[in-house]
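Letters are used for the chains, namely A, B, C, D and E, taken in the order the chains are written, and counting of residues starts over at 1 for each.
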């Protein structure tokens, strides 16, 4: 029998949810095994970086890379896998646009370390600072270097496909794996490089069953602060800051149909340069006032604009990180 | 009871006691509660501004700061004296219009550990409060002795309706507030053409001849309309028209004898106070004859108040432009 | 259209890049004097080659025919598919160069202007920095043009009928011009008769010919013209559609008179027992009946019943008019009617309101009997007016021996209207003349400045001077009846500073006439909104261009004429009526209208139907298609502002001519991000 | 009025400097530069008859940079602060406040011709600075003695009448916070209003 | 100046967005009237300030601009009736958002200027240049921005052979 195409999956700065999502595809996982030779997947099997280094460049057919680039190790493995892979997929929101870890980009790295290592909740070790290398009797121990800002995968290596979601929906993962297999067997065409796969072409409202009318909003309210939420009416029209209008479809409007506002994990729609920009303009458009003072009062009801508009996309946004974070070098 | 801060001003202390006494006398019956600002100082009248700008405004500023500091639940400062009313309102307004002035004034106030945020105090005239807060209906209800048959010339003078930074008055030239109040008291109110013209102000002191002419104009017009009394809202107007009426008569060889009273004194009478309680007896030109007139039986209410103008009934005559709300537009 | 840098019209060679020609104009020394044009050109060659520039030239006058030929030649020789001209403002020569490109076979919208004159050479002095800025500006234009798409101008058919709103002289003029040209016109008038303010006047300055004599014939022909449908006692309720294809809904107010029966004999008016002060036509100086035609020569001749004042409507009995009407034309049951009409163009000639002089309390109008407003005075001097043209005091009989005429009442005064009403001087001169002529009284004119700039106007001023009218330069302070002494008893005293004599004067007169300001109609802003045009802050309709397009508005197909755009005298008003008609006829002649293809359009497959954009369009171009759950934009209604493009959260609306790609690329170009990364000069960032 | 303008005629910027100075030293925004010379102020003024220049002329002089003439004019001193001109001015010039400015400038430059008014103001201010309140009796007596000795008799009889009616007191009333007021005023005197 | 190698003083780069009907014409007017203002502002013409996509502003900052000036018709005088109010709302929200990225709100200004206000526009530009100069460089230009952004931004500087442009001065 001929050699099976090689499959790899790797996590960088991420929570691991994406790995679970892959396992969630059920018996489809068996297809992966039958059609691929899994060469590297730290979560699922034992393998060393040096094994990967030993492989020939481009010898891995498909690599699903999840997690963002937070430290030198993340970058190293990203570059390594890029070299070794034919198809590199930024898998999940972290790899695509930084996701929750990206929110760290609003603060300088030192503050992050302080919070982590010198607050009451943590026991100070070695002068409170993790060091990149420490000498012990039997030699030097090394830790990867923490970067000042979190970056999406595509800002360190070129990426073939983007698969959004936090995590990507299992049925979408299954579909993508199907597609790749078919493509390998020459039964299907792969989309153009740089495309977003495993998601829809429009935004969440397209899949949302709530009724919508013309929107005019005098104040935004946190969903938990509402007396009652109309189960059928568009959440944004009820003053709930729902990110659905700007968020790429593909999840089946999971959150809105469960009565919670969309928080935007599927990222921006096609042709959009900056996710937050779309949300800002959308929210500004539905504010029902032409009086500067009143407008300000209404905007006061959005206490954390950056968090609202960039919860998942901050690291991948045009500004990428706060000035203080960039300058902390 | 609606509470206000009161800035009496120097004149009410002595020169215009009739004003102060009558205000204090009608305060209760009208449901007013006027709390005097503690240790207020002179507003500078029209003199200090001409000497030195910043000190002049600092002088006024101290009063505003004291008022703001004095918490009696009210942020409304009532000033019965026109000059005080204007100076206080003006300082508050200019400190906003020209922020640098506000800064300077506060720099000065800081020397006395005071500070005033322009806009934090609302400066209003007593008449404004009576018309717009108490309301004519409420006042009418309390009238027990209508001033029927008393022909009154309503006289506001300059500094209440002008410049009127906050647009509180119905008009700069012909405000109708005082007219409407006096009508409610039952008086015959004449359409006094000079109701907002000048009484001479400080010219009685620095250029008496100029002042006498201005006083004469007012007395002449009032006389033309056969006014029994001129009702004023300002101590300075009262003083000039009253105390200098004799001098004016001597100057022009005229013989005017028109008593000049504060509108609050007439309110007092209408509410049933006796003449003394209403502050009468302090005027230089006696108001006795005027008072006699109200003593007499009132004519039947149907009879319309004779306004001193010729009625136009001539069929050939052309219609006048209709004055929207001219008749009985009581807010 | 999103034009990827490798897309666009017939691109060949150059590694998939566009083939761009850049042309730097010297504009004599206007540009070359401040910008180093040679340096600019060579920089473009060197640094922008990688961005697709294949030709770069600088030339003395690009807009000259030689300059244009230069471009045409290159388009052919170098197979250019994009052109950038670095010269003056696009508002000046964009058309010129785009036409040149079209002639050379290149789609005009693939040509961009980079303004390095108005925005660089004329506003900066230092050559070095000006040249650097020019580089950035050109670089921006190059990036933009690379993403321009070939566009075709839009064409919409024009409905031949026209709606004229307002039956004053401006509206009548416009209606007649269009009707004469053989096209249908609907002339809508709010009052019972057309004629407007001009019908109230007796004489018109400076010729002093009788207003009625010149106006009435026009009114009659407007009333009887086969192409004009007269809709008096009517108002436009709503307007839909767009240039060439408007639909207007008009409310015909109940006349309570059946115009098919009515012969206009006037018996009803004789018999009506109810006398009403006529505040409209007689300016409050005279009376009319509760059933009335505003004036004898009214067009149409049918009367209306003034419902709120009619005894029958108030008390439920009377019906005198009905009893005496020989043709049984009275019908108290009549109700408002609505008619809907289709038109291709609209002319708004809604005129002005007179400033209410009561607001200037110190002039005593309304309080002092013998103070008159200018309109009252016009009626008084009118031989058909309440006094049969006699100038008398309010008592209706006494002739004044002295009259004061006050200019600028409510004009040139920040407490009322800041602007000059432009007709008051001439009006006041006319009044002065009439008073002299008819009463021989002493006349004083109180003015701030005499403004008599038009044909034969200043001559009229001279004439009035000769007649002995006394001119006092000073804005009157007050008019009072409070006499200071015997000389003033029983008079009105005009108090003013004679600014030329430098002293205060009190001038006793019998009568005062206030030359009141012209003001926008009280409802002008609602009207503007209804017709989709804009009002200046003081309420006059805004022209598309105050000088070069004075009767057009920003809304294609809606034109404005007469005092609705600002105070005007009769000649100017008539001229504008005619001008508006000419513009309308132009459109009708074309049969269809070309429109700039700058429009928004929805990429339906991307639209999620979130409806964020639905409320953003003041031109109602955005429709939500409920059954398909998507939003669409009507290209003919769309005016191309791009607000919805910027607002769409899904990026599903694209703006032709100003696409995101174009603008973003221009930003990058301006910031020189387009140069090879290595070449980004450090000083920039 | 034949004194040469404060600056050589034609040196526009110098002329402007006076206008700007007056504006800068006026409370609020004077809008003096907006005057269109319409004469509303001169026409409205109840005391214009006694003024050597109408307010309008004064403003023209200010524009012309005629500093001395303007400061020597008696107009500001005769202004009775009736504000008729202010509310009627079609350009909303703060006329009354400009008058106050001119007074204070005239006093500084010692350019007023008749000292009656400045003295009165000064006396008044002295009272206020001593007692924190005005003091009619002191004011009237001191002022009349100095400036209208001949009118003293009639003034006196009036004064007595006032006293008898308790409308005048012979001893002034001093406010408690005099030190505070002192501190404020002396600090204020060191401050300048700059634009 | 903005691009000389060693700038003496910091010369901010400001991107200005103008409305085709008023502020762009105001800029033209400033030109025809020869009113001088600092060359630090580079203008982009939009049909209406309502076209201003927040992306443009962020892109300008990310691309190295030290400030962004948005200009439109005065409220109530928008040639598209009321679109400038929408701009007002967007800009207010943008200012709050960029603040979270430590960008001073004053680096993003909204100015109303009618076609007649050439002088006003020039003065506003002057004023903003000084304000931004005082704030110092923003320095976003050379920060790594995600690959596809750069790709899209430069339209992909490919390795295809560059045709040597013909450059001719003066007469052809």
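To be clear about the criterion, contacts are C-beta pairs under 8 Å (C-beta built on N, C-alpha and C of every residue); 3 or more make two chains touch, one makes a residue touch a chain.
Predicted model, so just to flag it, every value in this text is computed and none were measured.
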| said: Strictly by the touch rule at the top, which chains does chain A share as contacts with chain C? | reply: E
| Chain whose Cα mean lies nearest the overall Cα mean | C
| task | Name the chain pair with more contacting C-beta pairs, choosing from C-E and C-D. | result | C-E
| request: Please compute the C-alpha centroid of chain B, do the same for chain E, then give the distance between them in whole Å. | output: 58
| field | chain B and chain C: spacing of chain centres that average the CA atoms, whole Å | value | 48
| said: Between chain D and chain E, what distance separates the C-alpha centroids? Give it in angstrom. | reply: 51
| message | Can you pull out the residues of chain B that are in contact with at least two other chains? | response | 172-173, 217
| field | Shared-contact residues (touching 2 or more other chains) in chain D | value | 49, 84, 87-88
| field | Junction residues of chain A - those touching two or more other chains | value | 273, 278, 281, 284-285
| note | One finds touching chains in the pairs A-C, A-E, B-C, B-D, C-D, C-E
| task | Report the residues of chain D in contact with chain B in the complex, numbered from low to high. | result | 25, 27-29, 46-47, 49-50, 76-78, 80-84, 86-88, 96-97, 99-101, 103-104, 107, 116-117, 120-122, 124-125, 128, 132-134, 136, 139-140, 143, 147-148, 151, 154, 158, 161-162, 165-169, 173, 175-177, 180-181, 183-189, 191-195
| task | Please give the residue numbers of chain A that touch chain C in the complex, ascending. | result | 201-206, 212-216, 234, 236, 244-246, 249, 268-273, 278-279, 281-282, 284-286
| Of all residues in chain B, which touch chain D in the complex? | 10, 13-17, 39-42, 44-55, 57-59, 61-62, 90, 93-94, 97-98, 100-101, 104-105, 107-114, 158-159, 162-164, 172-173, 197-198, 200-203, 205-210, 213-214, 217, 243-244, 246-247, 250, 281-284
| chain E contact footprint on chain C (complex, rising order) | 4-6, 13-17, 38, 41-42, 44-45, 48-51, 53-60, 70, 73, 78, 89-91, 115, 117-120, 122-126, 128-130, 132-133, 135-137, 140, 143, 146, 529, 532, 534-537, 542, 554, 598, 616, 618-619, 639-643, 645-647, 655, 657-658, 660, 663-668, 670-674, 676-677, 680-685
| note | Touching chain C in the complex, chain D uses residues 36-45, 48-49, 53-54, 56-57, 84, 87-88, 90-92
